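Shared chain: chain A. Partners: chain B in the first complex, chain C in the second.
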Partner chain A sequence: MTSTAAGQTPAGGPGGASPPIDSPSSWPLVDRAGYYAAWVAGLALIAIAGSILVYMAVKGAQYFDLGLLTESPTADLDQSKAGGFKDPLIGTALLTVMAVAIAAPLGVAIAVWLTEYGRPAGLARAVESGIEVVAGTPSIVLAIFGLLVFQNQLLAPFSFEAEGDAVFGRSFIAAACMMSLIALPLVVGATREALNAIPGHVREASYALGKTKAATIRRVLLPAVRPGIGTGTALGMGRVAGDTAIVIVLLGGTLQITRGSDDVFGLFRGTGSTLTSYVYLNSPAGEGQAPEKAYFAAFVLLLVVVALNFAVTRIARGRKEAAWTR
Partner chain B sequence: MDSLSPPEERDERDVILTPPPPVRRILVDREPQAVAPPPNGQRPQPGGAAVGSSPVRRPDPSLGPKVERMRADDVRIAYGAKEAVRGVTIPVRQGEVLALIGPSGCGKTTLLRSFNRLVEITPTASRTGVISLDGEDIDTLEVTALRRRVSMVFQQPNPFPMSIFDNVAYALREQGSGRPGKAELLPDVRDALQRAGLWDEVGDTLDHPALRLSGGQQQRLCIGRALAARPEVLLLDEPCSALDPRSTQVIEELILRLRDDVAIAIVTHNMQQALRVADQVGFMYLGELVEYGPADQVFGQPREVRTREYVGGAFG
Partner chain C sequence: MLGAVACLVLVLIAGMVIFVFAKAWPSFAHNGLSWFTSGADVDLQLEDILNSPANPSEYVYKLNAWPLLWGTFVVTAGAVAIGIVFSLFAAIFIVEFAPPRLNHVLEPVVRLLAAVPSVIYGLIGILVIVPWVGEHLISLERKESVIQVVQLDGACIMVGIAVLTVMITPIMIAIVVDALRAVPRSWMEGAAALGANRWRVMWTVAVRTARPAVIAAAVLATARALGEAIMLSMVAGSASFAPNPIDGITFLFEPTRPLASALVENVEGISVVPFGQTLYAFAAILLISSVFLSLAGYVAKQPLRKYGVRP
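Let's look at the complex of A and B:
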């Protein structure tokens, strides 16, 4: 091993022996400027992230009131008596779970098709472009498009009909469907990446045992990419929980959860709100004019999203254990 | 355990040889005899100078008759317009090990992959000629059934990301049948791991993830997995090229133990390895089978100039 160690020692550059080769003081001015700029950028990012967290934590603590978490919002001229945000909290959870329940299976299926089949090549390219378009579409555009779709007479069962057969087009189902398009590209991306990371000879090993492609996907590939699917899903949940436009347009704008019908689907056909729309409506920009509630709700939302992001990191770390020989 | 030999073995080897350098993969192909003596315990000749008296095992006459299990007849394989295998005719027999040697890109792996029709998954590949398994044209067999009878181990150890038990059980579970339980499969899993020489090391930890095993253990697990469905033919595609010398030795011994149960064809870049494990050697060059014959003849008195140059060059 000594020969290897000797081989790694730099053989002394043209500048002579003295300063270690990685000391910035010996670099040209441009390189040094870039180096320090990179440092400043990194530190600035930490400062920004830190100040958001600290600011929201201080404001959240200032207006800390556990009661808000368990009270439904009520209609009251005096906002200080207008209840808490139990319904928006449930709304966020419900919408996130519904959206991911749509996006995860769909996204995994798309990713598997793209990496394991992907033929004809033209169709595969079209699917890829489709995902990019969906990923690049602003959520307000998705929201308006969703409204257009769900106000169609044929889709009346997914929201509810007002008198005169006017389809309302706003419901948890409508919002979740459009929200799933936000999560979908993330699930597809993470799953594809994980599938691509599996060396081809692992698939061949399965075929060589007399297994079909379907069995290989089901028993070998999908279990192997579970952490990737988890990563994509958790990222998608974070994005869904944080989106506002679709909620404002498609969830119906009622702060309280309002059932759309009396049957079991009433909740899903009904309208409601989420933490994001609650924050918006109670902020000085909205109608509520209760910034203290907005701040606390925003703090709770931030905690939810940060927690999801930490989950992503943890899942992604677990993935490294399954390392194949390439 | 494979990268660090147990102390007692190291001591033993220190007596015979100068201590091996720290195990580095790159050394495997260059000087395997420095740390991996041939299985018969004979000391290798330094530099392999005297090929005539080389430690090739003579086929043991007490073994049963050699049974031809597979046969390639005038097989041609092309990737698009590029011909990779040009009219090769070669038998694979049980009771002897067939080694395919030759420089990179000479078509030996392609030929091997045609034996279990794995070459078909390359979209551009096309094949002519007949390959038969026990007299049946393999093209007439159902491909999944064929691959259960003609198993394969790859260059890279590739256990699936599941437990040791499940890796072997995966090979045992029939397509579409109900999933037999663990207790039902255990005897067969145990048998496969014993044949692969891995049971003593992993018998107590069958539920551990297979990817935590060492490289050599992983490769033996892959061999066990390939043996689980009781194949008639075992194809080995450079099975030791990613392993350290100690693991290589273990696997070579395993190959010799297995050759009476199953017909074995091994592709190798490593001529010392071919010399140690093979009874019959096929030397391929640019897609042609230049020479085929008993190992000591191919290495000792090659008939063809190209064989002599390749074998001679590699032996220095």
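Let's look at the complex of A and C:
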């Protein structure tokens, strides 16, 4: 989806480099209007993105406070005592990694099946459109469906049981499972694109050496599409880190990370918060009413997301070095 | 084996539709078609449902969800209508008219706009745009003219539409740009050779060839806009009010609350049985419309395959 302007074609118009006589000033009025509208739209995009970045950077610098990064949040009416957002920061990292750890293997498996096997064709098309459906499902619906699933008695080990027999159904595992569905279509898309870019003769060369199809996939294709998988994963991480609805519904809404039990899995069964839910709760829309902290947390969140997007660009550039696949 | 993994996706979707609808059924069944009509204040009705007695036979379900549906429709339609025009021109600019140096900026810009989390859009909206609109764009007379019905404080459908447009344009631009790039060069050169100028070539040949992509972009962006909960609950006023187009310009300044926002704001009460079922009814409406939109987008994208584009 964000592979927008990749593969830039050199030099403009449909008459080659720049046709000397064809300048907009000689065009009919309607055409000129369209031409200028296109310029306005393009510049407006840059202006909007620029002002968002500058505004967040200014606000982030204004409320800059490294202490916030290392303090746990506490509930207090006095905002100066309410602590920072160490726990939300850890929560974001933990949730993102868990979600991607689920989504990446699944996504790669689905992409490999779709491009390398894809039979019966009807099923492949159904799965393909199914991925689109998953990508289009609102995250709040995924969240509320996840609640339905994880409140099931069978899945009680993944969260914890409240008094009575009710299963709480909210935990890092529950949130990560649903978050993985957000990352999944991106991983599938990027991996498929990379697999499709590998020409047939690479596969044929491998078969000619006596490799089976499975060995070809494992030893030849998967190493070649590693940058594609990386791109999809990084995009997915960005999307997961930025999602709020699932966190609010499925992570339990405790500001501090609370362990679900005392054993090793306690952390994963526990509840917590992430940067997104922290921003939401501290904005005027939530109960927190601490816009300064919301600004700084949002700035940190934006940095994380922008960094992940830079990673995508870097990985995509690395892909060009694998020249043997052309 | 891999096929089995792939089929999990289908199982998941089927499970999602079945479970959510099963859970939502009581709310639809008790209200019948009046679920979709307008009636008493939705917020009060939701409160009644939340406070309904613990005895299952006395559960309250009465709900007329029209204001929520109408709010969803107005905001989504507004954002998609503005967004499709805007992103079409922006895509033409990126593909044809932007100087190469500007294009190096535009690529990360579109990516960035797509990547900014909705809560940040919401934060900027509620802390910057909403107060500004409330102070400068809405005059006192306008506020007083509707004071009996609704309070205008700047959080309104106009801000919601504006921010939502910014959120969904990157998706549309990405799809349209890919399609415009895939239009066979020779067609455009042919048009240019016949004397059409660069704008005519883009508008009459490239855009027309890429029409399926424009439709697919609009449909997929609609699916995204429908599900936007957090940002809209922050900037669109979050009052279950059905803005009335008869009010003229005031209409734009009236608050609303789309389905998805109503869901996210009321989710604490989900353990109360009838209230939870009502929330699942909201989710069911969202789910079924997004499934249909996604499938429609998938179908609309198919003709593009002809030109070798794989969106």
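Here is the rule we go by: the second predicted complex is superposed on the first by the 299 of 326 C-alpha atoms of A that agree within 3 Å, B and C clash if a C-alpha of one lies under 4 Å from a C-alpha of the other, contacts with A are read in each partner's own complex, and residues count from 1 in each chain.
Note that a contact is a pair of C-beta atoms (placed from the backbone, for glycine too) under 8 Å apart; a residue touches a chain by one contact, two chains touch by 3 or more.
If you're wondering where the values come from, they're calculated on a predicted model, not measured in any experiment.
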item: Chain B versus chain C as contact partner of A:A224, first or second or both or neither; value: first
item: Touched partner set for A:L147, first chain B, second chain C, both or neither; value: second
item: First, second, both or neither for A:H201, with chain B first and chain C second; value: first
item: Which superposed partner A:T212 touches (first chain B, second chain C, both, neither); value: first
item: Touching partner for A:Y280 - first (chain B), second (chain C), both, neither; value: second
item: Which superposed partner A:L69 touches (first chain B, second chain C, both, neither); value: neither
item: First, second, both or neither for A:G238, with chain B first and chain C second; value: second
item: Which of chain B and chain C A:A307 touches, first, second, both or neither; value: neither
item: Residue contacts on chain A - larger count, chain B or chain C; value: C
item: Shared chain A contacts, counted only where both chain B and chain C touch the same residue; value: 1
item: Residue numbers on chain A that touch chain C, as the complex places them; value: 1-15, 19, 22, 24, 26-27, 31-32, 34-35, 37-42, 44-46, 48-50, 52-53, 55-56, 106, 109-110, 112-114, 117, 123-124, 126-141, 144-145, 147-149, 166, 181, 184, 192-193, 196, 238-239, 241-245, 248-249, 276, 279-280, 283-285, 291, 294-295, 298, 301-302, 305-306, 308-309, 312-313
item: Interface residues, chain B side, partner chain A - complex; value: 21-22, 116, 118, 121, 143-148, 151-152, 154-158, 160-162, 170-171, 175, 209, 211, 215, 218, 222, 225-226, 229, 242
item: Residues of chain C touching chain A in the complex; value: 2-3, 5-10, 12-13, 16, 19-20, 23, 86-87, 89-90, 92-94, 96-98, 100, 102-103, 105-120, 122-124, 126-128, 166, 169-171, 173-175, 177-178, 181, 185, 188-189, 191-193, 197-201, 203, 220, 223-224, 226-230, 233-234, 238, 260, 263-264, 267, 270-271, 279-280, 283, 286-287, 290-291, 293-295, 297-298, 310
item: Residues of chain A touching chain B in the complex; value: 1, 199, 201-202, 204-212, 215, 219-220, 223-224, 321-326
